[in-house]
Amino acid sequence: MLESLGLIGTGFAVVMSVLASLWAACSVIGKFFNRPKPDSTSATQAAPVPPRAAVASRAGVPPHHLAAICAAVADTFGPGYVVTRVAAPSHKVTEWPIEGRKDTFQGRRIRRDWGPTRPTLGGETPNILRGQQ
Amino acid sequence: MEGTTTETSKLQQLWELTAISDVTLSMVIMWVVIAVLFYLAVYKKYEPLLLIPIAFGALLANLPTEGLINQPHGDHPGGLYYYISLGVEYEIFPPLIFLGVGALTDFGPLIANPRTLLLGAAAQFGVFATFLGATIIGFSPQEAGAIGIIGGADGPTSIFLANKLAPHLLAPIAVAAYSYMALVPMLQPPIMRALTTEEERKIRMKSLREVTRLEKLIFAGMVTIVVILLVPAASALIGMLMLGNFLRESLVTERLTKAAQNELINVVTIFLGTSVGITMTGDAFLNASTLKILGLGVIAFGIATACGVLMAKLMNVFSKNKINPLIGSAGVSAVPMAARVSQVEGQRADPGNFLLMHAMGPNVAGVIGTAVVAGYFIAWYAG
Amino acid sequence: MLESLGLIGTGFAVVMSVLASLWAACSVIGKFFNRPKPDSTSATQAAPVPPRAAVASRAGVPPHHLAAICAAVADTFGPGYVVTRVAAPSHKVTEWPIEGRKDTFQGRRIRRDWGPTRPTLGGETPNILRGQQ
Amino acid sequence: MEGTTTETSKLQQLWELTAISDVTLSMVIMWVVIAVLFYLAVYKKYEPLLLIPIAFGALLANLPTEGLINQPHGDHPGGLYYYISLGVEYEIFPPLIFLGVGALTDFGPLIANPRTLLLGAAAQFGVFATFLGATIIGFSPQEAGAIGIIGGADGPTSIFLANKLAPHLLAPIAVAAYSYMALVPMLQPPIMRALTTEEERKIRMKSLREVTRLEKLIFAGMVTIVVILLVPAASALIGMLMLGNFLRESLVTERLTKAAQNELINVVTIFLGTSVGITMTGDAFLNASTLKILGLGVIAFGIATACGVLMAKLMNVFSKNKINPLIGSAGVSAVPMAARVSQVEGQRADPGNFLLMHAMGPNVAGVIGTAVVAGYFIAWYAG
Amino acid sequence: MLESLGLIGTGFAVVMSVLASLWAACSVIGKFFNRPKPDSTSATQAAPVPPRAAVASRAGVPPHHLAAICAAVADTFGPGYVVTRVAAPSHKVTEWPIEGRKDTFQGRRIRRDWGPTRPTLGGETPNILRGQQ
Amino acid sequence: MEGTTTETSKLQQLWELTAISDVTLSMVIMWVVIAVLFYLAVYKKYEPLLLIPIAFGALLANLPTEGLINQPHGDHPGGLYYYISLGVEYEIFPPLIFLGVGALTDFGPLIANPRTLLLGAAAQFGVFATFLGATIIGFSPQEAGAIGIIGGADGPTSIFLANKLAPHLLAPIAVAAYSYMALVPMLQPPIMRALTTEEERKIRMKSLREVTRLEKLIFAGMVTIVVILLVPAASALIGMLMLGNFLRESLVTERLTKAAQNELINVVTIFLGTSVGITMTGDAFLNASTLKILGLGVIAFGIATACGVLMAKLMNVFSKNKINPLIGSAGVSAVPMAARVSQVEGQRADPGNFLLMHAMGPNVAGVIGTAVVAGYFIAWYAG
């Protein structure tokens, strides 16, 4: 029982100290990454809209788009909301178009006449080969 | 097999080929248990990706099979699951699952708000409290450690530790871990509401800063180094978790990331689940220990939830930047369900409050925390 | 030889009895699932159209759609055909849209300007990172 | 290796590095056999997914390779296929293929019309008839069992049983099984037409009822339980088949179903095919046994087809609900080709007759039936 | 040292002879495949356009398309270029449409009402089952 | 672990659980090396698919881990990488990678212009020259062979041979091979320009004829047969390479080709990379040998490039059909980067010159050539 308590005490201390070390390390490292924008820690409380908009604008969003977006946000959520970042919807480039492009480049099969290439029933490879077979 | 056998003896011979006479009562009872597991997995969607393989493995374990689990002898090869289960016994499958989990996890919210690491740490107190309870009601210390880890709400870690410290309890521990992970949306809210005031639940947290690729890569490397230095016995779990995450965040190894997120994790999940289920024989499962483990599991989850919430309140005492204590409960991991629970409870108090991303911080911290605890137990007992 | 015949006799008996057991079990279980519609065993011979249509309708197909479909079927195939089920073409939800959505949620890369994101030659990840790198 | 070696001895040394002198006549003959297999697989599309790996494996087996199939000795590791072939020797690959087959199979038509299970059972008579023939022409009973199973038209099952009962015949049995499966569209129609009247071929069957998810799940569990109870030696095959099917029909484990249907089955198919092919050395293949096996294989397919058709006719004697006997031939399995043959023959007699879904019932029943027969042989001989 | 030189001499001889053997074998085999078009070895230097065009035409490209293409090429690249092959862009049939078709055939889920099938949050399978569950 | 321990001893106990005291100076130095590797892989995109796993494996090797690489003893299982590394030790992973490489490679340009096989052969002289240099500066012949193969610019082959002849040098050889492959665009152009005249660089080659499916299939079979007959010790590499290519070119096994190109190669790459990295301990890496190997590697690449170019010029002396010597450098393999370098240099001299497809011939010939050289070294030393 006492032994168990010893284990528990040590154990919880280990967990806390490991994760606290990570916290400390993260904070130190995070400082380096936050430094370029010294006003960022107090940004949400008091940052005026224009500089932010400028930041967003610098990132490629046209200013008149930004103005329209800010107006829409203000209308929807009411005051107290600040637009801090504007980005186009994330168009993640999945592997498929790239793979498709690779497939096209590899070009194992070439359509030799004008007719369309159709998948066959049962998923067999259609009989349209590059060579004369 | 002589040609002169009478009709009767032929029927008897036929009967002897069957295994109906090998069915035991405990098997039949287990079939009912398995039916319940199937019901929960298929219709209630309790972690079906793992509970279905586990339950099907248990079905095979509770039938008089031949050539499925036997050891090799002489020239005769072992059964299929003699070989597949080596992946559990040799502790290969759980780290591989962690490789995939790492490739699927975004540590961004944690890096943006590293204070939440403490919440992930606090939730591990549930593990230790349950360990204490388990030793008190008669489990050996090793068994108690393996049972306590259920409170960490981390399936692969639980299987990893149970296999090391108490392999005979592997099945009930795995079942408890995955079942309660699925029950998080029911277990946590009452505790969360009991321990917080309306004002606390309404706290809005400032939005998270962006985290760059470099920072994420440094984080992956740093966690690997710090955790392995402090708790070397967690090397396999943390090493694979962070390898998967590094592949993911490097953004230059898309092929490998996808392989870890899909092919590898899916195939290993089928094998891991059925291997765990196949240890679930009536003898091993139908006894007082299982009931005790299921009971202790609930307690573990409850205490972990409470400690997470209380730690958040404690941190608010010392910090100007208030934390909404509802995100503390996400420290039990059970990614991403516990974080969703925080979000839902938060919006119940204030529909304009968005806690999801904030709760992802303690949520993924809980994964690291539980791996640390597992390493600690291994170092203490298995070394 | 005689031994072989014994093996064959027993073996074929085993196979027949195993599959016959499965047949029996299936039939018994099947009864439970067929019970709600007691007329289903004789449906194709004599089932009147309206109840079926009602069933289909209950399943979400608007009655006037059903009437139009039945008319078209009668015109095409002639008498003797009964519409027993109407369903929209099976739009199997493959994993890809879901995965795509997940990818979007994971949002590792966000387009920071208005320009399109294009796959690069060789399948490299395009140089559009969430952070400032 | 001294610097003073003469030109001649250097050339000799060079020659000794090569393995041209190790080429035997039987190798060269096998190259011709392999070329025929490649031709059938690539241009005739005879089950190319398995015949190409088998034929390529055979090519490697009939070359004087080094470091590809040797056993390990001392510190030197074994050859690549020493390790990969363990998957066949330990009987791991065939059940994994069955896991994928189960995930790809819809048992709905069988559940909707369970009478067709008898057709799948009847077709197994071809296995036993061939077994008898094989013992008569001099094969040992174990060998005869492994040869007879060719009539079951089930590749993985044939490989599984051959490895257990007669590993030295693995290659010809696998080649016969896969070749004849591909020949089903040519072998079956004459037999089907000879045994049925025009009127029988025109029988229209009533459309199948819908089968719900719950019924499919119960079916998967029930087949597992019944078959393992009655023929426990079939546990590995039936267990994996039904695990794959349960994952599929649960509809909540899409990830795992896809993994079983694709990643797992594809990779294992490459390894299984080449491992089988690599046993196909000239000594093992170029002898009278192989010719006899190829001959017996045709007979097995013919008898299985005939028995399926005749059983359907027999059932029509006792049943009011007539079965089109053309679907009886689908009981040999060879999924889904045998079912397509039934459909084609049916439409030849009556273009408005659609037998495909009805024929899928005996077709998938044949898979279960053959696994049962395999289990029976194992129980009889290998136990 | 001398021993090393022996190894190097032998080794480089081995590599050269192996790859030279492959060259020889390839050339011999290649002869068989090139024979049907005896003029092909000197085609690029002097092959007149019409026969080539005829070849391409035999492969399914309408002659008037071919004429237009040749004119465009001549205009773009100037003289000295000969159109030796015309093919539609390679439409590699990837597995996906085929798989999609298979999925449709397997048809595990059928939409029973007119509403659209949508992926659910979290990638769960949508609750649209073939049967009544 | 008694309850009466004083505070001090408890802290000491806690300290002993950690592994901070096991950190050595060489580990810390290796961290810097690893950081450099990560930088090259992530930001410079030096073969990230392999360098990232290697570097992460090296990180794990240079931390005081527990339960990650230890051997099994008694009932205790080995560490995760004890098991995964068996894939390198037993020489399973490199041939599997080659299976995928074969499924990804189009040998068409080589078949259309088989003369370029000689260019791929000539580039192997870099291997032998480096072998000579390595023996001169004190490496044993086996070590020298493993080092020389770096000049072949073929990762899996280098790992395969290093594991066989000089396993203690596996890490530096693999790192050198993959790093220099990534450096090809910087290393080759100066050599190519120095050895060619402006006129030679402007040579236009006649366009390649079409190659039919049958011809590609015959090529795959023929290479298998010829190479195994002449250099049987290359069986595993060439056999798998050509199996993958046969599957690809048969056009009837799309499923298997995709599995080899994706699932198999991706998963094996993760395991292979980390297994190689995990041998990269400070002791094994931080010594004069590594520096020598890195130096010899550059020389190997340079000589291989030069020999390829010079062989093309030599062939032009005897042939009417001139070869642009810029494609000779592609004979070092490093597919497809070396071919791209040829294309870029060709267009620098004449923007209307398209050498890419012509350079693919020697490029893939180099893969075969390096496998032949590896087989030759194995036959000479490891037999």
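Order of writing sets the labels: A, B, C, D, E and F. Residues in every chain begin at 1.
The working rule: a residue touches a chain if its C-beta (ideal position, glycine included) is under 8 Å from a C-beta of that chain, and two chains touch if they have at least 3 such contacts.
This is a predicted model, so every value here is computed, not measured.
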Query raised in the report: What chains do chain D and chain F have as common neighbours?
Result: B, E
Report summary line: Across the interface between the identical copies chain B and chain F, with over half of residue numbers shared counting as same and under half as different, the residues used are different
Query raised in the report: Any idea whether E-F or D-E has more C-beta pairs in contact?
Result: E-F
Report task. Could you find the chain whose CA centre sits the greatest distance from that of chain C? Result -> F
Query raised in the report: Per the centroid of Cα atoms for each chain, what is the distance between chain A and chain B, given in Å?
Result: 27
**Report entry** CA centroid of chain B to CA centroid of chain F, Å
**Finding:** 39
Query raised in the report: What is the distance in Å between the mean C-alpha positions of chain A and chain F?
Result: 33
Query raised in the report: Could you state the distance in Å from the CA-based centre of chain A to that of chain D?
Result: 47
Requested in this report: Indicate the residues of chain E shared as contacts by at least two other chains.
Outcome: 3, 5, 7, 14, 95, 99, 106, 108-109, 123-125
Query - Where chain F touches two or more other chains at once, by residue number - result: 17, 45, 210-212, 214-215, 230-231, 251-252, 254-255, 258, 263, 376, 380
**Report entry** chain A residues touching chain B - in the complex, by the definition given at the top
**Finding:** 1, 3-5, 7-8, 10-12, 14-23, 25-27, 29-30, 33-34, 40, 44-45, 77, 84-85, 95
Query raised in the report: What residues of chain F sit close enough to touch chain D in their complex?
Result: 89-92, 95, 99, 217, 221, 224-225, 228-233, 235-236, 239-240, 242-243, 246-247, 250-253, 255-256, 258-260, 263-264, 376, 378-380, 382-383
Query raised in the report: In the complex of these two chains, what residues of chain B are touching chain D?
Result: 17-20, 22-23, 31, 38, 41-42, 45, 48-49, 52-53, 56, 59-60, 63-68, 72, 77-80, 83-84, 262-263, 266-267, 269-270, 274
Query raised in the report: What residues on chain D touch chain E, complex-wise?
Result: 1-3, 5, 10, 13-14, 17, 106, 210-215, 248-249, 251-252, 254
Requested in this report: Mind listing the chain A positions that touch chain F in their complex?
Outcome: 2-3, 5-7, 9-10, 13-14, 106, 108-109, 123-125, 129-133
